[in-house]
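In the two assemblies presented below, chain A is common to both, partnered first by chain B and then by chain C.
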Partner chain A sequence: MTTSIQTFVTLSAALTGISKNVLAPTVTNLDLPTTYFDAAKQKFPADFDLLLSAFQALIDSGKSAEDAVATIMENDTYAPVAQQINFLWYMGGWAVVTDFGTQTQNLSAITYQKGMVWQVMQSHPMGYSVSRYGYWGQEPAPLNDYIGNGE
Partner chain B sequence: MTNKQYDYIIVGSGIAGAILANELGKQGKEVLIIEAGPGISQGRNEYLKTYFEANMKTPCSPYPPLITKNNNPDTPSNPSRQNTPRPTIPGVINWSDPSKSYLTYDTKTSRAFASGYERIGGGTTWHWLGTSLRFLENDFTMQSTYGVEVNWPITYNDLVSYYARAEEGIGVAGNTESQEAYGVKFPKGYEYPMPAVKLSMVDNMFSSGLAGMPPVDKAPVFVSSTPQGRLTQIRQSEKRPQCAGNTSCIPICPIQAKYDATITLKEALQYETVEIIYQTVVTSVEIDQTTQEISAVNYIQYEEKNGPATGSGSFSATNYILAAHAIEIPKILLNSPNPGITINSKLDDANVEKCAANSSGLVGANLMDHTMYLAWGLSDKQVFPFRGPLSTAGIESMRDGEFRKERAAYRIEIGNEGWNWATGDPQNTLGDLIFGTNYTQMNPKKEKFFGAAMVDKLNDIYTRQIRLGFLIEQSPCPDNRVTLSKTETDNLGIPRPRIQYTLSDYTKNGFLSAKKTASAIFKQIGATEYTVAPPSTTNPAQNGTYFQYKNEDFVFYGAGHVVGTTTMGNDPTTSVLNSDLQSWDHANLYIIGSSVFPTITTANPTLTIAALTYRLADHLLKKAKA
Partner chain C sequence: MNKTRFTKSIVLIVMLAISLVVVVACSTKPMDKKEHTSLDWKIPNDIKTPKVINTKTLQKAFDEFSWESFIALNWPANKNGTPDKKKIIGQKDAKTVWEHWLHTTDIFLPDGGMPVTWGGTINTADYCTNSPKTPDKIKSLGRGEKISDFLVLATEPMDTGPLIDLNGQYVQYEINLNKNMYDYIKDNELYNVEGQQQFAAENNVVNFDSGTNATADFPGKVGAIVVKAAWKVLGKNDDPSRFHTVNALIWSNPAEKGDGSCRVENVGLVGFHIAHKTESAPQWAWSTFEQVDNAPETSELPCDDTYNFHNCSCSDCPVNKMAEQPWNPDKSGQTPTQVTRVVPITKETREMNAYYQAQLRQVNPDTPWQYYMLISTQWPTKPGDPVSFQNPDPKGSPAPMVLSNTTLETFTQGVVPQIGTSCTDCHFSATNSEGQWTDFTYTLGMASKKTKKGEQ
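For the complex of A and B:
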């Protein structure tokens, strides 16, 4: 993982509230961090790099990732980019905010299925479950099993 | 194939066409099925991928032709450029624009028809929910029991053995006791083919929360497990898996644990006397003006999805069965001139269309749907929705009673998909919390969330979301009808439907009752209700489905239950078909599907379509022997 992707994952974990090892598992044939990094760079050619540099500078100054993100979210230039990145991790696509709700522009069939929104509700993407018959009658595993324990 | 004389031509390969072909094929009959859309070899995986990619995940979204251009919800596909257009949700939202809506309207007098269907091999069972409820005895006798609507020409008892065959054919998982509790009558010792689907945590919360609740609007309120066409066990005869709760029954079951008509269609096509031809759109029937018998069906063929016509011609058989669903069937009949017809309509309108099967003037009339009232809220405890089949239980106890003299009855479907239907979640609550908006009412202070605080809030909201869907009986009304557009056509030049559609006061009284019942239920279980029905001016997308009644604002939703348009009856002046589903006008023309229902009743139509199809098969085979 390159330095800038590492920074992106650290930023993403603090933004989404989901553990790094869930966002960027070491054993996978999918590289979502790189997919999303490239997509964000394309969508926000100037501001994405600035956001990452600003975030890294805050980390270098000794701030925690959480505090650094809180500072980023106060900034009118960076916050809209960070919000979109947050939405991207959750839904697998970009948000289009309208007067009548939010539409999603999916990146792909895979990113839809990998959306963190299904994790945070302790479920599975609609259309793709790996659970067995009848699971819906019982409580799911605890939330941390879905979003990680902060690692 | 062109010169062959078949015993039967079946137009449409949905559940009715597939079951009929299978039953006739078993007896060695020569059958040709004509399907307008693509074949069933185009696989589930392709449709599933389209669904995953779709930005607008509505019932029609996985299936061809695509409902939007460039996957953009704001640019619906143009039905005049499609060979097999059909009504879709983008079409409902843009109902006044014929370049975006397949159905056309006089928007000054009509409301939007809010339901759609599929025109592909296997038909609309691709996206059905699987609900397999029987109709109730009184559903067949509304006029004689309650003095409203009309009677069916057959009774529950006439169908009871066919319901059993339909339940076996579909493979229904159910529990007789939970059905008997609200009035369904089974033969002694009857059991469903499979045990009922396991109830969800959402169902169990409603069931225990409603225990001991007093009647609302003169009807008792309790939860029943829903009989469903999905496998709770592996059936020896089939190679399909048990339901794994993928929570996408509509629009597509990824593993085919849910029954769909492709299963029966494949069975039928194993008989060497059963043939099918795809991408062949039947445009009209030919009528012998001496005998008034049907002599052929005319068709147009195409090769590319939205490409030009590549051929046309006609097929002939001894008997013809239209099984093309309740909007396409009248379209075919209205497009079939019959100058020799003797009109004996009781309608005031003297301008009855001189077309096939229309001596009553009622081809296309009595279009119905279960107009739906949605209510949603947050449970006071975590119930973990977005898991399991989309619905596994309902409140059926309000389907029948003396109140039907005054207002429409309803069943209440309990949703397992949180606010997916109600507000378009999960994306809208997420969008509200991230961007500081409040579309879902979950962010009234319009704060902007991120990190752990957002996780906590999202988890708290999503895991408590509950939704009720009231399937409100719509009364038959001859003015609610399908005619042919004089100006709009599809890509093959076939006239598109023109729809006149309104809700009667009887049905609207059902909405008033539904609203009251929903609020009483949420109060009883300790939930907080978030139902909103914005005035029509607030959300233009609901312009076609908004109405105001007795100072209350309502939005109705479609149930996908397209019913009426070629109803059966005992009187040729007030119905299109006799009780054998035979045209009063043409002895060798039959119609099968929900278009034959004289009333919509209070249950989802598919099981009754299947039961009527087995009954029709028996009739046709008996007639062939005679």
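For the complex of A and C:
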């Protein structure tokens, strides 16, 4: 993982409240951090790099990731990009405001399936489930098993 | 010439002579087992855990596990089905270890009765009752020396339709289980519906054995293994030297609109699945191999080569389209399936294939086993308990996300989740005849109710 993507993952974990180990596991069947990093860089060619640099500078100055994110969200240039990155992790696509409200422009069928919103809901997207027959009659696993313990 | 130069020249001549002897010996002498460290008759119990754990190193470990399994399962067998340790795979095309395993048709009998004894054979005369096209003597042939196999499935295992080769012939399929799995089914009477009901009524959950590597205190063991094989009838324009071949008795299954007749054909192996439950893969490790001439990758079109299931001169033929219904294995002159491989084989797997193919060629430059390739191995990146409702990811997030064999999942290839083929995703839904969990195997759904004959 490159330094830029490491910064992106740290930022993403602080934005989403989901463990870095869940967002970017060492062993995985899908390299979502790289997919999302590349997508964000393409969508926000100038502001994305600035956001990462600003976030890294705040970390280097001794701020925690959470405090750094709080500062970022007060900045009019960085905040919209950070919000879209947060939305991307949860929904697997970009937020698009239409006459009918905010809609999701999914990057792909797989990113839709991998959206963290399903993990937080301890549920699954329509059309795809990892659980076996009869799961709906059982208690789901604890939330931390889905989103990690913050590490 | 001074003494030093003279000595150097002598040394050089001797080295050249030794090299020549080695080269000649290697090219003429049958290879000794010790020279092939990668070729072993032992079925691996599980992967060799890499020193550095990440997605790439684990994929490589599982791919090596696949090749070692392929070699061991296709090792020449003794008459009792054990590997012949005096021989090496490739020396001569011979009946293999897995071909001695029992078919699902030997285990899940139509009358729900006790499976065939391990090492035994079913009475093919029970099947070949209507053979107007074949001589009567076929009825008396079992899976002996002359007839190596009994094939009864002409539509793909997932019932997605027949695969038809360029000669208009249906590909034939079989599913075989290893002794570990057979014993579990037999011991728990899971071979008929009543036995499965009883098993569930006693709050049991199907849980096959896992392959486990040896430790200081434990000798190691092979887990439950299922093999699926696809065979092509060899005919016009086929080169039998490029296939592992057997003489098979093919039953035209009435359940698949066949006429119930039997015929003997020389068939070549074109597709091969190995599913092995292991400690590191409780969601099973799914390995799939193909004969190298099956089909081009979609990105390789247009093509000008010769394939088993693709006609390069037909650029208008619809690709990966199933045959028009009704499907009938007895009808002649049917339209061949125009097959392409949708998901490319990775560079790393291609390199591994080249390594093992070279090893096999060293044993015998003419061996048909050099013409087989691994497509990939699907394995769980999160290998937790697949049964527990408390596991947030019981499928284990398999990698790669999709995996298809062009002869076994021809029509479901692709990358879209749930639509493109994923071994784990599909087999996770497997149940028995009562809708209960069967630990990633659909075979228990083949059980019939016990009839009076089956109770005997």
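We take it that the second predicted complex is superposed on the first by the 148 of 151 C-alpha atoms of A that agree within 3 Å, B and C clash if a C-alpha of one lies under 4 Å from a C-alpha of the other, contacts with A are read in each partner's own complex, and residues count from 1 in each chain.
In this section, a residue touches a chain if its C-beta (ideal position, glycine included) is under 8 Å from a C-beta of that chain, and two chains touch if they have at least 3 such contacts.
Predicted model only: the values in this text are computed from it and were never measured.
A.B. asks: Taking the superposition as given, does A:G17 touch the first partner, chain B, the second, chain C, both, or neither?
C.D. replies: The first partner, chain B, only.
A.B. asks: Tell me the contact category for A:Y78 with respect to chain B and chain C: first, second, both or neither.
C.D. replies: After superposition on chain A, A:Y78 lies in contact with neither partner.
A.B. asks: Looking at A:N29 after the superposition, I want to know if it touches chain B, chain C, both of them or none. Which is it: first, second, both, neither?
C.D. replies: In the superposition, A:N29 touches chain C alone.
A.B. asks: Thinking of the overlay built on chain A, is A:D145 touched by chain B (first), by chain C (second), by both, or by neither?
C.D. replies: In the superposition, A:D145 touches chain C alone.
A.B. asks: Give one of first, second, both or neither to describe whether A:S123 is in contact with chain B, with chain C, with both, or with none.
C.D. replies: The first partner, chain B, only.
A.B. asks: Determine, under the contact definition given at the top, whether A:F55 touches first (chain B), second (chain C), both, or neither.
C.D. replies: neither
A.B. asks: After superposition on the shared chain, which partner residues are touched by A:M91: those of chain B (first), chain C (second), both, or neither?
C.D. replies: After superposing on A, A:M91 lies in contact with chain B but is clear of chain C.
A.B. asks: So which one touches more of the residues on chain A, chain B or chain C?
C.D. replies: The partner making contact with more of chain A's residues is B.
A.B. asks: Between chain B (first) and chain C (second), which, if any, makes contact with A:E66: first, second, both or neither?
C.D. replies: first
A.B. asks: Considering each complex separately, which residues of chain A are in contact with chain B in the first and with chain C in the second?
C.D. replies: Of chain A, residues 109-110, 113, 122, 127-128, 130-135, 138-140 contact chain B in one complex and chain C in the other.
A.B. asks: Per the contact definition, I'd like the list of chain A residues that touch chain C in the complex.
C.D. replies: 25-30, 109-110, 113, 119, 122, 127-128, 130-135, 138-141, 145-146
A.B. asks: Could you list, by residue number, the parts of chain B that touch chain A in their complex?
C.D. replies: 48-49, 51-57, 71, 73, 198-201, 204, 232, 242-248, 252, 254, 382, 384-389, 392, 416-418, 420, 423-424, 426-428, 430-432, 434-435, 437, 439-440, 448, 450-455, 458-459, 462-463, 539, 541
A.B. asks: For the complex, which residues does chain C have touching chain A?
C.D. replies: 53-55, 58, 381-382, 386-387, 389-395, 397-401, 415-418, 428-429, 431, 435, 437
A.B. asks: Name, in rising order, each residue of chain A that touches chain B in their complex.
C.D. replies: 14-18, 66, 69-70, 73, 79, 82-83, 86-87, 90-91, 93, 95, 97, 100-106, 108-110, 112-113, 117-118, 120-124, 126-140, 143, 147
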